[in-house]
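So that you can tell them apart, the chains are marked A, B, C and D in the order they are listed, and the count of residues begins at 1 in each.
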Amino acid sequence: MSDPTLRIVFPADAAELRDVRHRIAAWAAPYLSASDVEDLKLAVTEACANAVQHSGTQEIRVTISLDGSCVEVVVEDDGVYQMHLSGVAGDPGAHRGLILMAAMVDDLSLQRGTEKRTGTRVRLVKCPA
Amino acid sequence: MSDPTLRIVFPADAAELRDVRHRIAAWAAPYLSASDVEDLKLAVTEACANAVQHSGTQEIRVTISLDGSCVEVVVEDDGVYQMHLSGVAGDPGAHRGLILMAAMVDDLSLQRGTEKRTGTRVRLVKCPA
Amino acid sequence: MSDEAVRVELTDGLQGAKLSGELDIAVYEKLTAELAPLFEATGDLILDLSDVAFVDSSTIRLFVRLQQSRKDTGSVVLLRPQPHVARVLAVSGVGELGMRVQDQT
Amino acid sequence: MSDEAVRVELTDGLQGAKLSGELDIAVYEKLTAELAPLFEATGDLILDLSDVAFVDSSTIRLFVRLQQSRKDTGSVVLLRPQPHVARVLAVSGVGELGMRVQDQT
């Protein structure tokens, strides 16, 4: 069998996110239910959106592969993790990205980029129900 | 050398958190700066507080060990991860636990407990600067 | 790119809007701009989501801002979301923030 | 347990309070109850944090609720936090929420 791993490299531009999640969904469709694919689309979109908005990276790399019977997506940027929340004063709907990611996948890992070792890496694992 | 791994098992009660973080801090002190120990105390407190507040678990298990030159803490409960945010309407300061954890450690993993496979597992890794 | 796929139709009398397409940070500014008149209105606000195929955390944030703009004069009503959109709304706790999700007007 | 280690002293005229000890979810209810009078007051509110050894996300949430209760009449001023407490405040974006962190009154 051929290795089905897919790697998508794209500029850190919000306009790319739609295409990226469609490609992720197409890849994952044989392995997950339609509803699980939607969950994964959202988690990947949030991880990429964070890289676009907070990391200062030029490009984003997304890799999707199988991990046993589960689908694993890794989102990597070349930036530094921003510790300080930024945003609009008193906006109770803000900063829900990480929480949504955690709710959408079975396993979430976040390895943050630092000044010394740049590049934040988010790993999202979705397993069939 | 003796294996320095420490395992703390305690009832899911908020009143325990103070003692738990003090023991974590005492264990980690030889390996991390004072400021990094404070970061770890906060991350562990948040992970345990989530287990107390959201998981329905009876007991919580915290393990602290070395992972290379880094300190690794694993917090485990026997509950089911709650997807739905609960809380008070329009409280802009709520739901900051996960974000704080992510900001306090170098690597955060969250493997959620489900109905099928109960028990949420949070892994926190703090490396010396 | 994504922009073209998103549409906003304000209903007469500023009681709401029908949104279509995939809502994410790429269209957040456009959505905010097109919905601007609704921030000034009072009373309930009905957002028809039946043709919305995707929402993200920025969409939730926009809905919450609309709800805040009601200032107790009414609620944001999220009408006929597709199942996975309804799930994201539920997970985000929009109910706790005063909004209503409905299948019928 | 933890309770004993936490103290709240309201300042005269309800312009603030001095907090001491480790603030976490175990003492959230106690803190809220003891600070209750401050939710009714207007103007700036000075919270002396110099003897606070630990804060968590529930503490941030409480400070945000106090700030909200000001309703534009003033700000919550977080006075003399220890360095690691100051760091948690900064990371939590309390500034963006209208509070001020100060080393001097």
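Quick note on the criterion: a contact is a pair of C-beta atoms (placed from the backbone, for glycine too) under 8 Å apart; a residue touches a chain by one contact, two chains touch by 3 or more.
None of the values given here were measured: they were computed from a predicted structure.
Engineer: Suppose each chain is reduced to the average of its Cα coordinates; what separation in Å results between chain A and chain B?
Structural biologist: Roughly 23 Å separates the two chain centres.
Engineer: Express in whole angstrom the distance between the two chain centres, defined as the mean CA positions of chain C and chain D.
Structural biologist: One centre to the other, that is 35 Å.
Engineer: By the touch rule stated above, which residues of chain C touch at least two different other chains?
Structural biologist: Expected reply: 64, 68, 91-92, 97.
Engineer: Touching at least two other chains at once: which residues of chain A meet that condition?
Structural biologist: In chain A, 83, 85, 90-92, 94, 96, 103 touch at least two other chains.
Engineer: Is the chain-to-chain touch network here best called a line, a ring, a star, complete, or other?
Structural biologist: other
Engineer: Any two chains that touch count here, so list every such pair.
Structural biologist: A-B, A-C, A-D, B-C, B-D
Engineer: Name, in rising order, each residue of chain A that touches chain D in their complex.
Structural biologist: Contact set of chain A toward chain D: 83-90.
Engineer: List the residues on chain B that touch chain D in their complex, please.
Structural biologist: 14-19, 21, 35, 38-39, 41-42, 45-46, 49, 52-53, 91-94, 96-97, 100, 103-104
Engineer: Going by the contact rule at the top, pick out the chain D residues touching chain B in the complex.
Structural biologist: 1-3, 5, 22, 24-26, 54, 56-58, 60-65, 68, 83-84, 87-88, 91-92, 97
Engineer: If you look only at chain C, which of its residues touch chain B in the complex?
Structural biologist: Residues in contact with chain B: 64, 67-68, 90-93, 96-98.
Engineer: Hey, which residues of chain B end up touching chain A in the complex?
Structural biologist: 81, 83, 85, 90-92, 94-96, 98-99, 102-103, 106-112, 114
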